[in-house]
Amino acid sequence: MGNMETVLFYGFAATALAGAAGVLLSRNIVRTAVWLLATLAAAGGFYFLLGASFVGAVQLIIYAGGTLVLIIFGVMLTARDPRVSFEPRRIEIAAGALVCLVLAGALVWVFLGTRWYQSPIAQRDGQGIARLTSAQIEALAPGVKDRLTDLDAEGTANIGRQLLSTYLVPFEVVSLLLLAVLIGAAYLARPRVPASPKIGSGAGPKEGRA
Amino acid sequence: MREHGQPITTPGLVIPDPVNYDIGREKVVETDSDLRTEEMLINMGPQHPSTHGVLRVMLRTDGELILEATPHIGYLHRCAEKIGENVQYHQFVPYTDRFDYLAAMNNNLAYAMAVEKLAGIEAPKRAQYIRVIVAELNRIASHLVMFGTYGLDMGAFTPFIYGFRERELILDLFEAACGARLTYSYVTIGGVREDLPEGWVRKAGEFLDYFQPKIKEYNDLLSYNQIFIKRTANVGVIPADRAIAYGLSGPVLRGSGVKWDLRKATPDLVYDQLEFDICVGEGRMGQVGDSWDRYFVRILEMVQSARIVRQALAKLPSGDYRAKVPRLLKPPPGEVYYETENPRGQLGFYIVSDGSPVPYRLKARGPSFCNLSILNEVAKDCLLGDIPAILGSIDVVMGEVDR
Amino acid sequence: MSELMRIGLNHYLVLGAVLFSAGLCTMMIKRNAIGILVGVELVLNSACINLLAFSRYCTGLLDGQVVAIFVIVLAAAEAAVALAIFLSFYHRFATVDVDRGDKLRG
Amino acid sequence: MIAHIDYIPFFSWPEWLEGLIVMIAVYLPFVCLVAMFGIWWERKVSADIQSRHGPMRTGRWHGWAQSPADGLKLLAKEDLIPVAADRPLFRLAPYLSFVPAFAALVVLPFSARFIFVDMPISVVFLFGILALEVLGVILAGWASNSKWALYGAMREACQIVSYEIPLGLSILVPALAAGTLSLAAIGEQQGGGLHQWLAFRNPFLFVSCFVFFIATLADCKRSPFDLPESESELVAGYHVEYSGMRWVMFFFAEYAVMYILSAVACMLYLGAWYDPFGIVLWMEKAGYVWSSAVIGAGIIIVKAFTLVYVQMWLRWTLPRLRIDQVLSTCVKVLLPLACVNLIGAALWSWLVPAGWAQLAVQVLLTVIGTGGFLFFVGVLVRAMLSRRQGLRLTLLTPWHAIPVAEPPPGPEPASNG
């Protein structure tokens, strides 16, 4: 019997790939968004598997609860397009598929062919994170030793610490960016005309007579 | 097909001014060529919880914003006026019950008074007092329904039960008087159908003792609720001049601050011998003529009606409860138009007699019908949630609109 | 076989690569602007998976997680702006078909 | 129930199997029981508020069997899917709504011993899972292909996305005060009596408690924020086209989320599984492990249902807000308040030392909070007594009690058609 991680990984992988395939192949844009939900949820599962439970929870809150709602919201607002199904041309499909297959193959080839650096902190047994012995910690480089963290219990607190120390500048930039986005999105989506057109287009009565 | 990317240009639209409609001088509105809103047509009704029956309102919406609300009526049309031309005068009384079925006593009254005027009959004093009593009690009952359903429209469920709880006691009184709880046919030509039973007066007094303190409870529960005020104040404002121009009447007119009540303006029955005030909207929570004002005028009218009933019960004389009216009534040829103040406004009957036992022409002016006509103007540029607030405050009864 | 069953860095990298390609393909074939946005989200997610996988299997530090959080936050911001643009686009062209929006008229 | 299972990556097979069994055997029935009890109780509460009896026939004692009977009826009901509906999504939506409500319960501790999954970030995880529920509602509204349902879905999307911000900030405030994101760890800090409850720790937490409660009202679509399903405007909103079991799923989800959010409010602010007098803490320390755990679980369930009662009370008393008012309440009132609370609580923990000043504030807030609570209990009891009187309705003399007197003198009526 394989261990839990294997089973969960393949389960999540199947969900994520099914979701991705659905996104790719679905014609209906709302269904595309629902397939995306599957991928996002599975990605959240991966984050939990990778020991980044905080990122996983953030993924659920922001991505699934926020961004996806926003996307579906956008779909509903723009769904009254007469051309509901956007049929891509065959040549487009062929080109896209070709490029992507080549790209995927190249990426996989590169990934599998590379010997990645493995820091001693990341060495762990099958069941979880190996706690380093004090001797191993002493042996680490000083820069790494200061930032030594566990990936579980204290991980969230350390993420916070890093955000406000090592990553302070990006953090501030992102907060500024969010503010800009807030204002920009509100500006872009503002009604172009005063939202009280006092004209009757006659649609109502006509509909009534029919 | 226009080329893609070109803005839609709507040709100039002709909008007749509903009041000063002048065919030679139609107002042409040029639409902005940049105007592109996402419009959606929604059918509100005829099966919808807050259209109070089978009213159908076509909503042209832009998201939550209502651009236009067009009422479509006729789902409850029963040819009442045509029937009136084919039945004898007495026989039409039950049909009037079905006009505004929440205020059947008042409908009976308006019709009976019209026929009485046509035929030159005068009801005895006792009958007049009884008529005032039942009419005002029915006004309370009708306003209680409005209070309850308006709460329901605003999402508060409890006022509905409270309103109906008290209304039930009024219906008990009516049942004791005439045997029916909804369609009374109690007020007939020449008086009332039967005299009040023993103990009725005392019991009506007890009801008033019970009912009058309840109005404070209603105000605490709904009228002065902050959310309710936010939902209704400044919503669906009808200025006084528009209200008059559209021929509104009743609490809808008085809600706009117009001090007009037929019971004071042309006092019939014994209203001139009873003390009461005309309640008008004062804009206490917002502008004069908003939905809250229209709602609150009804609450105040319940107080006044209770006052009237108390006085009338005290003054109720003994004597005949009905004048001598021949069974086959043949009014002299002529025509009459008579209006009374119903809970929803002025109910008028126009009757033409050719001297035969059936009317030559019978026409009714339903207050709900006229009041509903302003919906198109008021329910514009409001939000979807305001539609029940406006519709409920106009308080139409479809039986009367469609007749 | 045991190589497949024992989950390691390569599993995540391959998965990320496949998701990335799927996202890219979505961006290429979809003509609906929102569909393209969905493709972008796929790509960002695959990047996140890679970040976290490297963080766990290579460095053992939290940098990957911190950057992943940045990515998620920025994806949300990007979606908000993109949707605002699409709405604006939709108001102007009455479609979200990106191939139609090539007029460049202000 | 299992005492302490580490989170997912470190499951091994037998524990995982055990977990599955607990999920199916304990949590699913618990959710269903909560929902069915909630539905029955809501009917009784509304009846009480409206001078009625509510269900009285089914199952003899106060209609206790009304919910199971309704469930049976709904099971037997035809499952309608509109022709124009998007069938797969229409079918998917109720599950998408119910499953998160069920899954969120997993990380919710019942007491110090009864914790199914103890995560260090359980409160974030819980809200992450609950955030998925909104998708079910939106999809239901979309897939129904009805304009009313679409309106409901749009309103839900607007409302939830806005209210999640004050909700999330209000979660951070107690997390900040407790220094952890684990629900169990936050709960464990509130044992020593009423003044140790987090809501009474400082004024900002006190205010934050109310902000949180209001935001939960909006999050589980309860009045006065029940716009997605407001029947006087949208007929039934997003579930207007649903019937039978699928509709039940939405209903169950609603009541389960009501319970969960109330329980979370208790965990975060109102003393978790501890009683106001520190008895459970004493029992825990004295070594009565299991009995204290059982009593603690009972206490938090009672507390959560008290909050559920408040939600019901509000629903049957207040009118509904309008959508713009809902959103402006969020943005103009709750959001600034939540921000002020967060900053204020941070400053407080930095500036105010644990000493007599802190204790005095705690005692003061406890007195205010308890006073307010007792005041409302008094109001309820008074109302209940007066309703009992009202129900008797002996205000009017019964007809048979009125003595029959001589008929008033008057001539016979002319004709009696």
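Lettered A, B, C and D in written order, each chain numbered from 1.
Quick note on the criterion: a residue touches a chain if its C-beta (ideal position, glycine included) is under 8 Å from a C-beta of that chain, and two chains touch if they have at least 3 such contacts.
This structure is a prediction, so every number in the text was calculated from the model and none was measured.
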Centre to centre, using CA atoms, which chain is the farthest one from chain C?
B
Per contact tally, chains sharing the most pairs are A-C
Mean-CA-position distance for chain C and chain B (Å):
60
Distance between the centres, which are taken as Cα means, of chain C and chain A, whole angstrom
6
Taking each chain's mean CA coordinate, chain A and chain D are separated, in whole Å, by 31
Expected list for chain B, residues touching two or more other chains, is 36, 40
Residues of chain C engaged with two or more neighbouring chains
91, 94-95
Residue list for chain D, restricted to those that touch at least two other chains:
154
List the residues on chain B that touch chain D in their complex, please.
40, 42, 48-50, 63-64, 90, 126, 151-158, 161-162, 165, 169, 172, 176, 188, 190, 195, 198-199, 202-203, 206-207, 209-210, 221-222, 225, 227-228, 230-231, 318-327, 383-388
In the complex, chain D touches chain A at residues 7-13, 16, 86, 88-89, 92, 119-121, 124-125, 127-129, 131-132, 134-135, 138-139, 142-143, 150, 153-154, 157, 160-161, 164, 168, 181
Tell me, which parts of chain C touch chain A in their complex?
5-7, 9-15, 17-26, 28-32, 34-35, 37-39, 41-42, 45, 48-49, 52-66, 68-70, 72-77, 79-81, 83-88, 90-91, 94-97
Per the touch rule, the chain A residues reaching chain C in their complex are 2, 5-6, 9, 13, 16-17, 20-21, 23-24, 29, 32-33, 36, 39-40, 43, 46-47, 49-52, 54-55, 58-59, 62-63, 66-67, 70-71, 73-75, 77-78, 81-83, 86, 88, 92-93, 95-97, 99-101, 103-104, 107-108, 111-112, 116-123, 126, 144, 147-149, 151, 155, 158-159, 162-163, 166-167, 170, 174, 177-178, 181-182, 184-189, 192
Within their complex, chain A touches chain D through residues 1, 3-5, 8, 28, 30-31, 34, 37, 41, 44, 48-49, 51, 53-54, 56-61, 64-66, 68-70, 72-73, 76, 127-128, 152-153, 155-156
